[in-house]
Every structure is written in structure tokens, then in C-alpha cells.
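In what comes next, subunit A is part of two complexes: it sits with subunit B in the first one and with subunit C in the second one.
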Partner chain A sequence: MNTSVTVEICTGTTCFVMGAGHLLNLSEELPARLKDRVDLRGAHCLGVCNDPQNGKPPFARVDQKLLSDVSIESIIAACDRALADREGGAHAI
Partner chain B sequence: MRYDNQANRIRKEVLIRVAKAFLSDRPQVEIDHIPVEMRPKNKDASRCCIYKDREVLKHRTMAALGFSVEDETDELTPLRDYFDAALQREVIEDTGLTVIDIACSACLKGSYLITNACRGCLGRACQTNCPKDAIDFVNGRAIIDPDRCVNCGLCLKACPYNAIVRTPIPCEEACPVKAISKDEAGREVIDHETCISCGQCVVACPFAAIQERSQMLDVLKTLKNHRPAVALLAPAVVGQFPGTPEQIAAALEQLGFARVEEVSAGADETVRREAAEWKERIGAGAPFMTTSCCPAYIEAVKKQVPELMPFVSHTPSPMAISARWVKEAEPQAVTVFIGPCVAKRTEALHNPDVDYVLTFEELGAMMIAGKVDVLECEPAKLHRSGQAGGRGFPVSGGVTGAIRKCLDSDAELFKPVAFNGLDSKALLRLKMATARGCGGNFVEVMCCEGGCLSGPGVLCNPVVAGRKLTELLAAS
Partner chain C sequence: MTGNLFKEVEFYQVRKATEIACGDAFLSHRDRENGRVVSVLSDGLGSGVKANILASMTAKMALKFAESELDMIRSAEIMMDALPVCAVRKIGYATFTVVDCRDNRTIRIVEQGNPGYIYIRDGQVLDLPFSEVSGRHGDYRKLRITECEPQPEDRVLFFTDGVTEAGMGSFGYKLGWRRAGVVEFVRRVLLENPTISARGITRKIVNEALLKEPGGRAGDDTTCAALYLRKPRRTLVLSGPPFAAGRDHEFAQLIETFDGRKIICGGTSSGIIARELGRTLHTPLLRGRSTLPPVSQMDGVDLVTEGILTLTEAHRLLESRTVPTETNAATQLVELLRESDVIELVVGTRINEAHQDPSLPVDLEIRRNLLKRMKQVLEQDYLKEVNIRYI
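Let's look at the complex of A and B:
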């Protein structure tokens, strides 16, 4: 079973300026339960910043799921959800 | 969270919208619509209602156009009039921070508050320990009389229920010189005679009620009119944008700058001159010399500790040296310093060589509005680059390290002391140093704790930026 989540923080200029630059120490901020379980990557513009329908920058993708207006906390919560989904399936609400 | 929170993001969003409006076909209409577009009907409000939010946003837009909220004489003046007036502006005449009074939530005045966790116990340790007899019991609960309370905090320590909390006023606590305080209505007001423009309150206020007056529009106008503009990039640019320094230079050229120069080159020259000046002064018997590069510190000396002035180095700051070089070669060029610093605006106001000052936030807003993605830029040339010494300026201890390297044989005499961050205690120590010395003969003072990488206008987490700087210095 694949037990790590992929987190892509967009570092295109729009996302970077709107806050992604402050999220780049995410790997150090991860709680112990997520250490070694998150595969953190930077990403060029994810191509979603031009359409307000997608929400506000900074954007990130956690296991392919797009998140907007992200913070360290919201990314951590999304990682927990993604892992719970994989492991438990139905009870992950 | 100190730099990146919703308050900070809203401020940046306003800057982006102003830059977009400027670049659009109908800027006046776009400008007028900013508050409505940011708080449309049927959407949530941050405050009591969208109408108050919009009014606050109007004032934020005014600040982003370079005006102070106090400039509003007629509340019905539309934003487009401010926009037009901003376009008429030829020179920057004032850079003082402005408080959006309606955004200020008038934080509680007394620092200590007894919460409803108070059990009105028999012991009443709070009352017994209060040296000013400021605690009464009403309806079986302790209350603090604000007139008698001296904010000593003994009651908080004494309460066995942890029922007493301290409620700070973030801007007042952040201000190193007590320049911000409440008026009769409880709203914060800046005393500009005392303010050193360090920008700490701007970062600290959770309501983003304190704003800088942006010079972004002046720069956008300069670029649009094809006046030759030279971007002077502060050494603290490390980590502030994605991509390489050469790509950042290319992004600036795409925005219309004629070329980009690294202020770290000016910093190298500052080091050479400051080292020579130090040798001369100490040789002549001076007890110590302090640095001159941090503009908030210089303002603090002028306004708070004038007796320290004779100890401050006369060497121009890296920005001043870099701007002089440009103006000497090309008197008609427009110089735009770009950095993390709010106080540089004040320094530039008194230096005719520096035309405008932008923060990284403002430059970021211009890039977004201009649809320039740094990572997609083909590298361009950086003119005048610094060495490791000048590049190391933006962290506490950087100036000291560079000077030490420059001293060679005199290095043994060199006894540095660093003030990493300016607060009232540091100011007091500096004041005392004029009479009794300070245990060293070279005093480096940085107003922002950690150095310029922690300045109010940064876009990158200071820890991450610091790591990048270390890498860069290892490679320089």
C-alpha cells in the first residue's frame, strides 16, 4: 500500500507572492505523524490562478486534489484526510 | 504566521488590483470597483457587513495609491479622483504610515482581563497580591479597575484557575519607540514626530489597519512613459521570488525597467569605506562606532537618542551608494530601490538620488498584474553584482563579518557588538553606551530581528531565505 501523500505547493509567481513563499518550510512544520509520509514538491504555475472560479492563490495540490488559499495548517489537514481516505476509505469524513 | 495571514493577503490583493487597474483600458472604472469586487453582494463579510468592509477597502486602495487616510477631506470623493491625483504626482513628499481608523478594532486598553473562568474563590490570591488594590469583587467575581491597574501581571500569576489573561495591543507592543497609542475613541494614532517608520506595527496589526503609502503607481507611471528606470535590488532579494536572480532581472526588464543593478555592489563599497572610517575613528580615540545602513535605526537615533549621533558612521548606506553611481553615469535615470524595508522610504525622501522605493510585496503585485512569471523568464544580465561581503548584509551579523574581513591586520582590535532587533531595551542600552561604552568598539544595529530578511515587506519565510543566503554565500 502506498502510504505517502504528494504535496505540490505552487511556486509560480502569483502563488509565491500571495503566500507560498512563506509555506516553503512546510517540511519542518510537519507534525510527527506525517514525517516521512509526505512527498513535498515545488511546482511551476499550476495554471489555475487566472480563473477566480478556482479560488484564491496560493494554490497547492495534495494527491491531485486542488486546494486554494492554502496555509501550512490547511495543507496538513488535507494530508491527514488523504491518508485517512487511503487507509480507511469510508470512515474518513 | 507573522507575515503570512489573511490580513496580509488582503493588503497584497489590493495592491494587485490597483496595478491591474492601472494596466487596464479603463483604469478609473476598475479602481472605483475594487471595494465592490472584493466584497460582492451575497458573499461573506470579514466585519459586521460588506458595507463596512468596502469602506475599509476604499481606504486600503487610497493607501495603495499613495495617499494617507487622513488626506480624505470629503468622504464622497471617489477612488478615481485619488487615482487621477496620484498620476499627477511628480515627487514623493511624504511617506508616513497611515492608520485606517475604521479598520482599527480599538483593542482593549487594559492589558489584563479577568475572564468568566473566575470562580470568585475564597483565597482571592489576585486581590491579595495586587500591589495597587485594583481588584474588586462584584457579584462573586473579580474585576480590575483600569484606573488603578498598573499592568504588573501579578494577579495573572496568582490565580489558581488561570482565569486572568493578558490582552496585548499588538501594534503598541511591536513599536520600539512608543509612537502609536490610542486617542479618546480608543483608535490607534501614530505620532509622526516619534515614529521611525520601521513598519513593525504594519506587520503586527491583525486587522491590517496600518498601511504603508505605496509608490507603486508612481513607478508604474514611470515605466509606462518609457523613462529610463533602473531597478536597485536590495541584497535581501534572496529567496523572495521563485527563479534565479537572472530570471528576476529578466522579469523586471519585462515590466519595463531599463536594467537591474544589485545593491550588494553598493554594500561592498559601504564595507570598504566603513572599515576605513572605523580604523580612523578608533585610532583617534573614539570608544566605538555604530553602523549606518539600517534606516529605522538611524531615525531612532535622530528622534530618540540624539546623543548617539556622533558615534554613527558617516558612510552612506548601500542604497545611497548604488543610487549615486547610477545618477553620476546617467543623471536622467529614475532610480527605484526594491527591498523588504519600510524605513527605506524615509531614507529615500532625504536622498535626491533615490526616486522611488518599492517593497517586494509591491514588486510582486506588479509582476502578477503584468502577467510576468519569473520561472518562465529567460535569464537576463544583472548589472553590477556584489561579492560575498555585500551579499551577506541582509542578516544580523552580516555587516560585522564583512568589515572584519576587510580589516586584515587590525582585526584583533575589532570588538563587535550586535543589536539584533531594536526595542525599547536596546535603545536604552544604546543610550547608556554613549556615557559608559557598550563592551565593544563596533556596534551593528539592525532594527528587524534577524536582519533585512525579516523586514516587513518580505515574501519568503525568513528561515528559508536565510538558508538560501547561506548557500549563495558559500558559492560566491
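Let's look at the complex of A and C:
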């Protein structure tokens, strides 16, 4: 079972001015339960901001799933969900 | 034959530690029509604001005279009239060195009062024949005039006495670093790095001079300038996605075919190039807070940055000549641009609509305008040859 979740923060212009620079410090803000379980990466511009259907910047991907208008809190919540889904799946087997 | 040579002109200076203005002035002008480059370095009497004004006036006059076709000796006499000998100290108000490089066939150096220039060919210092001309005033001031025919890779280094007198009176340098010390140092630098840029060598010389000073604090205004005739260092900057998506491939191919350094400024554009050329883009996570998005990596490209924010900051650094305190994408971009002679800007003009959202917390400039201003500052303040085209 893979126990870490991948978080990619878009570092394109729009995301950066909307706060992605701050999100790159996510690792310092992680609660103890997520420490060592989050693989944080800067992502090259994801190229999604120019289509309003994708939502609002800043964007991030948590385990390949695109999230819009992200904050430290919403990324942490998404990491919790992703890990719970996996563990839930593991129990079912 | 020196037909395709680029004339790199740069200077570096540190003002006297106790002053708020530098009393040395450097000015340079490149004539785009005929390729002539005239540079003037002047050292004003004393230091601080007064010296700054004297030096700036002298440099400006010398530059204007040198550009006009008026005979240099006659010009120098007019300048010496305008800036007479100080009644108290009996010394000239300002010294100057003019380095005039015309049509790749002659370099003419006219000196009055500054330490002698250093002419370098093949790593060796040349002693060129010169003539001396006295002014009509019969005072001590003499013009020293040297003319020579330059060859590729030749350099002329010229500096104010802050360099040669660095460390004067100290134990190791009772008479200062002196011109002979500078010559020795330059030989060593060239042995290590034979193709060092004019910008690089002027910095090294001034920094070495400061090392001789007590506490590293400049005891006098210290300026070094250099002219370097070299094969042009070419740099390609791609920024912005092409207006027509159908031209993405053509755009990306520019990276493949260009002979020189390559830079991409823009998230979307680098994405396009990675896709079209089948290369991967790596964006390492930045540690600590930064005011700019991080640099990415792509094989065969010297620098990959975000677009508008990085370019805006790089433009600000270039325009204000700010010496950056941190290393980020913009400082790396400025570094590469300043080390280039010929810069090709290829600007994709497709607009990213998300950038026009009025709710963004900062103004994002239109790329085309920003790069136009970038071209302007690189040409006017840094004497680069810049070509811009839109795709």
C-alpha cells in the first residue's frame, strides 16, 4: 500500500499571484498526522486557468485530481480524503 | 578581419565608502548605423557630489565631442578650457579616458590624467606607441593619444586612480596596488578564464582593488571599464504562446535550431515546447519563501522561468541597476541577458484571459508591451543588440 499522497502546486503566473507561492510552504503547515505522508512538489504551469470551467486559481493536483481555488486548509482536507479513500480501499480487500 | 565582432562595453564601480555619490562617471554610446562605440571614463576632482557633477559634465562633453567629427585634440582643448585647473590645488578639475572604436578598423584612445589603459591581445599586455599633445594653456596637462588596429578578442581596460591607488599606505601596498599590480592580476585572470566578459573582468578588478583597502571599504571612487571585441554571444528568449496554435511546432523548433543560449519565459510556452519537442520539464520545489515562481529545467534549454512576473522583475532590476540580494528566476535571467551581446526576443502574442481578471491582486502586464520595454532598456542602458519579433 502506498501511504503517501502527491500534492502538486501549480506555479504558473495566475496561480502564483493568487497565492501559490504561499502554498509552496505547505510542508511547514502540515498537521502531525500528515507529516511524512505528503509528497509536495511544485508543478510547472498546469495550463488550466484560461478555461473558467476548471474553476478559479490557484490550482493544485492531489493524487492527480485537479483542485481549484485551493488553500492550505483545502489541500490538507484533500490529503486526508485521499488517504482515507486508500485505507478504506485496503480494508475492503 | 573584424567585420562581425561585437564590441562589449561594461563598467563596474564602487564609490568612496564615506560618500553618497560617486565622483567617477562612465558614459558610452553605440551608433547603430555604423557600429561605432565611444566610451568615456572621467574622474572628478575630490569626491562626493561635486566630483560627481564635474565627472558627469566631462564625460558627457567628451562623449558628444567624440561623436561629432570635430578633431579630438581640438575637442580636448575646448574641454580643458571649460574645466580649468583648480586655482587652489593647481590640478585639473576632471580627468578622462576616451576609447573610440570605429568601424572595426581603428581604436583610438585619448587620455588625460587617468592611469594608463591596459591593452590586451592573446592574454598579453601590449605596449602601443602613443603621441603626446600639450594643450595651449601651457599647464601640465597633456593628452596622450594611441591609435591601433584591433584584432578579434582584443580588450582595452581603463580605470580611475581608485583602482591603482587601492590600499595605498597599507603595509602590503605602500604605494597602492599600482598599474603593474593590476596588469599582473589581469594576466592571472585571463590565464584562468581566457574568454571572460568585459562585465566579468571589470567586477573582478574592482573587487580585487577593494581587497587591498582597509576593511574592504573603498578609500576613493573606484571604477573600471572594459571594451572587449569578441564573437557575439547570442541568446534566444522565447516568451508567450504563438497567436495561432498551428504555429506551436514552428515556435518550438526555434529552440532546436538556434545557435547560442536559449531561454524560455512562460509557463504555457515552455509547456508547448516540451510537448512539441518531446522533452520533460522539471519544476523543483522551492525551499523558503520567494517573491517569484521557481525555475524549471528542460534539456537543451539554459533557463526556463515563469513569464510575466519574472520578466517584470527582471526589467525592474535592469532598469534600476539593482544589485540583487537573493538568487531567483529574475536574477538568473538578468545574469544571462547581461552576458549576451545579441538577444533575439521571440514573443508569442496569444493572451491568457485569466491574466485579465480584474480580481487578481496585482497588475499583470501585456507581454508584448513588457518585452518592448525590455528591448529598450537592454539597448539603451546595456548597449545590447536586441531583435524582437512576434509570432
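Simple rule for what comes next: the second predicted complex is superposed on the first by the 88 of 93 C-alpha atoms of A that agree within 3 Å, B and C clash if a C-alpha of one lies under 4 Å from a C-alpha of the other, contacts with A are read in each partner's own complex, and residues count from 1 in each chain.
Definition applied: a contact is a pair of C-beta atoms (placed from the backbone, for glycine too) under 8 Å apart; a residue touches a chain by one contact, two chains touch by 3 or more.
Here the structure is a predicted model, which is why all the values come from computation and not from measurement.
The superposed arrangement places subunit B and subunit C in clashing positions on subunit A. Look at A:13: by the touch rule set out above, it reaches both subunit B and subunit C. When the two complexes are overlaid on their common chain A, residue A:40 makes contact with subunit C while staying clear of subunit B. Of the two partner chains, subunit B is the only one touched by A:23; subunit C is not. Among the options 148-156, 166-174 or 364-372, the segment of subunit C that ends up inside subunit B in the superposed model is 364-372. Counting contacts by the rule stated earlier, residues 11-14, 16-18, 21-22, 24-25, 42, 44-45 of subunit A appear in both its interface with subunit B and its interface with subunit C. Those residues of subunit B that touch subunit A in the shared complex are 3-4, 8-9, 12-13, 239-242, 251, 361, 364-365, 367-368, 372-376, 458-461, 463-464.
The touching residues of subunit A, counted against subunit B in their complex, run 11-14, 16-19, 21-25, 28, 42, 44-45, 56, 69, 71.
Listed in rising order, the residues of subunit C touching subunit A in the complex are 267-268, 270-271, 281-286, 288-294, 296, 306-309, 352-355, 357, 360-362, 364. Note for the complex: subunit A touches subunit C at residues 11-14, 16-18, 20-22, 24-25, 40-45, 47, 49-50, 57.
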